[in-house]
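In structure tokens below, several structures.
Below, subunit A partners subunit B and then partners subunit C, in two separate complexes.
Right after this comes the complex of A and B.
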């Protein structure tokens, strides 16, 4: 039985720009449908139109039928009733969607009390019931808690509970797990699947993660540029995509599934000298009146010349602190860091020391939107670095070198004159990479360098990285929360949890034969499509 | 962004609306432009010498010879307003520029270095802020004598804390951004990053904010002259003109006092409209 039927949905902004070009989509009762696409594909807009959340002044045509009535033509009171009883939505960032001044109980009972006229006791009962349904450990206690007392994963469960409180028949989830760690994501997905089956809800699931879509959903719609490019059963779209765009997207999506015939990469190509030697590095943050946080506990890491080492861990595991200590942005409490056999001490002060440190290690930061100076063009950013390290070079030569570097990361001369705000995320990250390469460091630290990028852009940047590695024999410390990305770049990886390295092995071995239970949990939590038979 | 995404297009639509050039903005620009031109070309524009006495035309009402009438000594009010615009505009301009430079330097130092330097500068600013600017200016006059030089210097110092506080908070938020860390990792010195890279990123916002001080300074300096502590007779000045014409009020000759007062109001309003518009455009714009 069809629950949601979108047919020929178009959406124009008041300025005449068309954002959706005739979307057709159906969701049946009890079915899970994924809407997959990169940022700007219009997937969120499509999802929001299901709830009647349209941008002000937008012109629509087509139909969004939910149980036979058209959401687009509903009058405000009808829309209100529809949102209360028929459809609900879960958003990406749970913390942005909840009032920080009100308790969880207020959040869950408000709509029932004010909208449905339920008594406090009855609304409370329902709140406890839905909290229990989403596996919250102590439903009674949670009602009195404030949002800041709960972790992101817990809070997202509260948001799901809130969506379930009105017993909707259609649940729209807009990237509900994107802001969460992979193990938390696995829990949320399990809760969602459970509730879908129990209440035979239809689930419209918006995500940029093809692996996730394929592992959770029955059918997948691939969106691109305001159009549905391809649709079909999830496994089919993933394993055998028909359109060129879907094929590109699937190819760009990194996966942790190891092909049976895949041989482990040769461990350490010709054992060269160690570039980075980290010994017993320890760092503890002590905030007044709080438990001390151990960001690094006796961390010991080696990288040989030309190797790429992955550091994998969830948020708060201390991987970024490790990176910041290695590049000298943070001071370690104890332990030593040596690059090329030269022991580094704290933050360098004198000019000679600073330049020496910079030539040993450079860093590419996570967010290319913040790591570039907004006032400096792409080539100026690179020229600054060149000028600092080669003060005797003539400006004309510096400029030529900067342009060469930028073109080596795939930026055209025209883009060299562009300010960061006019460049896309991928282009900005290329500028950041070129800027780091300009100094010709022995070691390049990349801290979540591709996490803020779309999959296809991420794939391009990863290609640039491996090309540079081939050409320059660069040594890389690659930090990421994403096992699949690490697997694409690094031969060896270490897994960090709460400041400790729990396992260190060739990346393939980590994925196929994890030794530590935490590594196993991490690997098992990553959504993936089973290649051979069976359901996921 | 190479291509605006739907989500972005929505954000832009919601946040800015339509940036319209308002009537008040246009009028303010024209008014301030006229006053500035009149001040610069005063000898060419003014119909009379501002100090020229004419005992045949004391307290003349506006007529063809004297468009805005004359005062108790028969001096042409229009000419005095035009010459008075020189001090009225120049002195606040100097104060705004000087206080901005001083405030930015203090704020940059406090925000960038933090620690005890920040604390020390912070307390200094607190002390300065606890005295009204006019009081500090009067103190300066008491110490160094009447005239405009002492009050202008005093006001420059008195207004610096406002600028310094804003600069400090902007620098602190800027310092935490990864691009600053990126410069450090590249090997640039802290001083270079602060002066050459962070400073230019905060100056537009701070500058826009301090144009708002212009109006306040103008009014306060006029007040100082009104009290007889600022510009000294016989130099034409709006505040001094109001002061000199007080006696005439009793006799029903209110124009010589009213006109300079209106001039003060018009310029202050015009400057504030412009200042607010500028700071809204710069401050409200999306940073990169």
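Right after this comes the complex of A and C.
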């Protein structure tokens, strides 16, 4: 039985820009349908239109039928009642999506009390019931808690509980696990599947992650540029994509599935002397009135020249603190860091020390929107770094070098003259890489350098990195939460948890023969499609 | 947790007041003019008379001892003697304080009510005509200094329309309010823009938050969403700025009270500065500093009531 039927949905902004070009989509009762696409593909807009949440002034045509009534033409009171009892939405970031100034109980009960006119006691009973349904440990106590007292995974359960409170027939989930760690993601997906089956809801699941879509959903719609490009059973779309765009997307999606005949990629160059030697690095954050947080406990790491080492861990594992200590943004409590056999002491204070540290190690940060000066063009950003470290070079030479560097990361001269705001995320991250390479550091630290990028852009940036490694024999410390990405870049990896390295091995071995139970949990939590005849 | 916060606040509050009192007291030694010659003005003082007056007001002591006597006296409610009124400073100020407090309170209520209402309407209509209209009017009003506002208000509402008295502070509760309306409007007009703009900014920021969209997606009425999720969350900055506003209001009383012939602390300050009445000037300035510091300490302590994260020591977001 069809629950949701979108037909010919178009959406125009007041400025005349068309964002959706005739979407057709159906969800049946009890069915899970994925809407997959990259940023700007219109998948979130489509999801929001199901709840009647449209940008102000937007013009729509077509129909969004839910149980036979058209959401787009509902009168305001009908729309409110529809949102309270027929369809509900789970948003991406529970930290942002739940009012931080009100209690969990208030969040769960307000629509029932203020919208449906339920008594406080009755609404409270329902709140406890849905909290228990999403496996929250102490439903009674949580009602009094504020969002900042709960972890991200717990909060996402609260958000799901809030959506379930009105007993909806249709649940729309917009990237509900993207802000969460992989092990937490696995738990949330289990809760969603459980509740879908128990309540025989229809589930419309929006995600950028093809692996996730294919592992959870019955059918998949691939969206691109405001259109549905391809539609079909999840496995079929993933294994045998028909359209060119879907094929590209599948190819660009990193996976942790190891082919049986796959051998570890040899290092780009013959193993050289150790570039980075970290010994017993320890760092503890002590905040007044709270438990001390161990960001690093006796961390020991080596990287040889030309190697790339992956550091994998969930949020709070200490991987970013490790990177920041190596770069000199943070001071270690104990232990030593040596680069090229030269021991680095604490945080550099003097100008000479800072320049010296910068020549040894450079960092590429996660968010290229924040890490570039908005008023400097791409080539100025690179020239600036060159000028700082080679004050005697002539400006003309610096400029030539900057353009060469930018072209080596795949940016043309016209893009070199552009300000960051006119560049895409991937182009910006390439500028950040070129700027880091300008100084010719012994070690390049990349902290979640591709996490903010779309998969196809991420694939391009990863290609740039491996090309540069081949050409220059660059040594890389690659930090990521994503095992599949680390696997594309690094021959060896370490797994961190709560400031400790729990396992260190060739990346392929980590994926195929994890020794530590935590590594096994991480690998098992990554969603993937079961391949026929595959080894996982 | 709460007790530690209060104690910490009290400590920094005391330190601020001690530093301010020292600065206020010793700055008088840098001002030209000798209080003794003012006390004996219009006469041909004999050396004996000078010595007697100097002795009486303790002006012969070294400055730091005068300071300690001043501070010590204040703890016993003794702010010294006014040179112009030949009376206790506490009496002189005490007589004038109620009308000034009434004036500041009335102006503060006007500022908060109009500012928050205007800012809210602007935020909910952001980018459209009501928003632009409100911003333009508020900004224009903000450009009117209190003394100009006072003159215009007197000319229109007191002289032309004869709705309000132009002078004095009246007797009894309702008469006093009637007298204080024009002066407090004169004080309020230039500050409404501040609260209005802060309210608008803070609410526009909250309106863009994801939790507002979540609340909307759950079928709450638009007004309920604004009240429970936008306005409530926007209160923090409005609160903070309101506390800072107190300083501006207290300073404005000096001008407005003079313009409307109100015998309050503000006009007393102007008068005392003109007449080199140091004990009164020092006491008033210290009172203003104390009022400012205490109000802002209270605002800080009340923040956790608005934002539970402030209690947990988690700023931001």
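By our rule, the second predicted complex is superposed on the first by the 522 of 536 C-alpha atoms of A that agree within 3 Å, B and C clash if a C-alpha of one lies under 4 Å from a C-alpha of the other, contacts with A are read in each partner's own complex, and residues count from 1 in each chain.
As a working rule, a residue touches a chain if its C-beta (ideal position, glycine included) is under 8 Å from a C-beta of that chain, and two chains touch if they have at least 3 such contacts.
Since the structure is predicted, the reported quantities are computational estimates derived from the model, not experimental observations.
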| item | value |
| --- | --- |
| Partner chain(s) touched by A:98 [first = subunit B, second = subunit C, both, neither] | second |
| Touched partner set for A:226, first subunit B, second subunit C, both or neither | first |
| Which superposed partner A:396 touches (first subunit B, second subunit C, both, neither) | neither |
| Which superposed partner A:88 touches (first subunit B, second subunit C, both, neither) | second |
| Touched partner set for A:121, first subunit B, second subunit C, both or neither | neither |
| Dominant contact partner of subunit A by residue count, subunit C or subunit B | B |
| Subunit B versus subunit C as contact partner of A:357, first or second or both or neither | first |
| Touched partner set for A:374, first subunit B, second subunit C, both or neither | first |
| Contacts of A:327 with subunit B and subunit C, given as first, second, both or neither | first |
| Shared subunit A surface residues [contacts with subunit B and with subunit C] | none |
| Sites on subunit C touched by subunit A in the complex | 1, 209-211, 213-221, 224, 228-229, 232-233, 306-309, 312-314, 317 |
| Residues of subunit B touching subunit A in the complex | 1-10, 13-14, 177-179, 181-189, 197, 200-201, 287-288 |
| Of subunit A, residues touching subunit C in the complex | 51, 53, 79-85, 88-89, 91-93, 95-102, 110-111, 114-115, 146, 148-149, 159, 162-163, 166, 287, 289 |
| In the complex, subunit A residues that touch subunit B | 13-14, 17, 19-20, 39-40, 42, 44-45, 55-57, 226, 327-329, 351, 354-355, 357-359, 361-363, 365-367, 369-376, 384-385, 388-389, 419-424, 427, 432, 435, 439 |
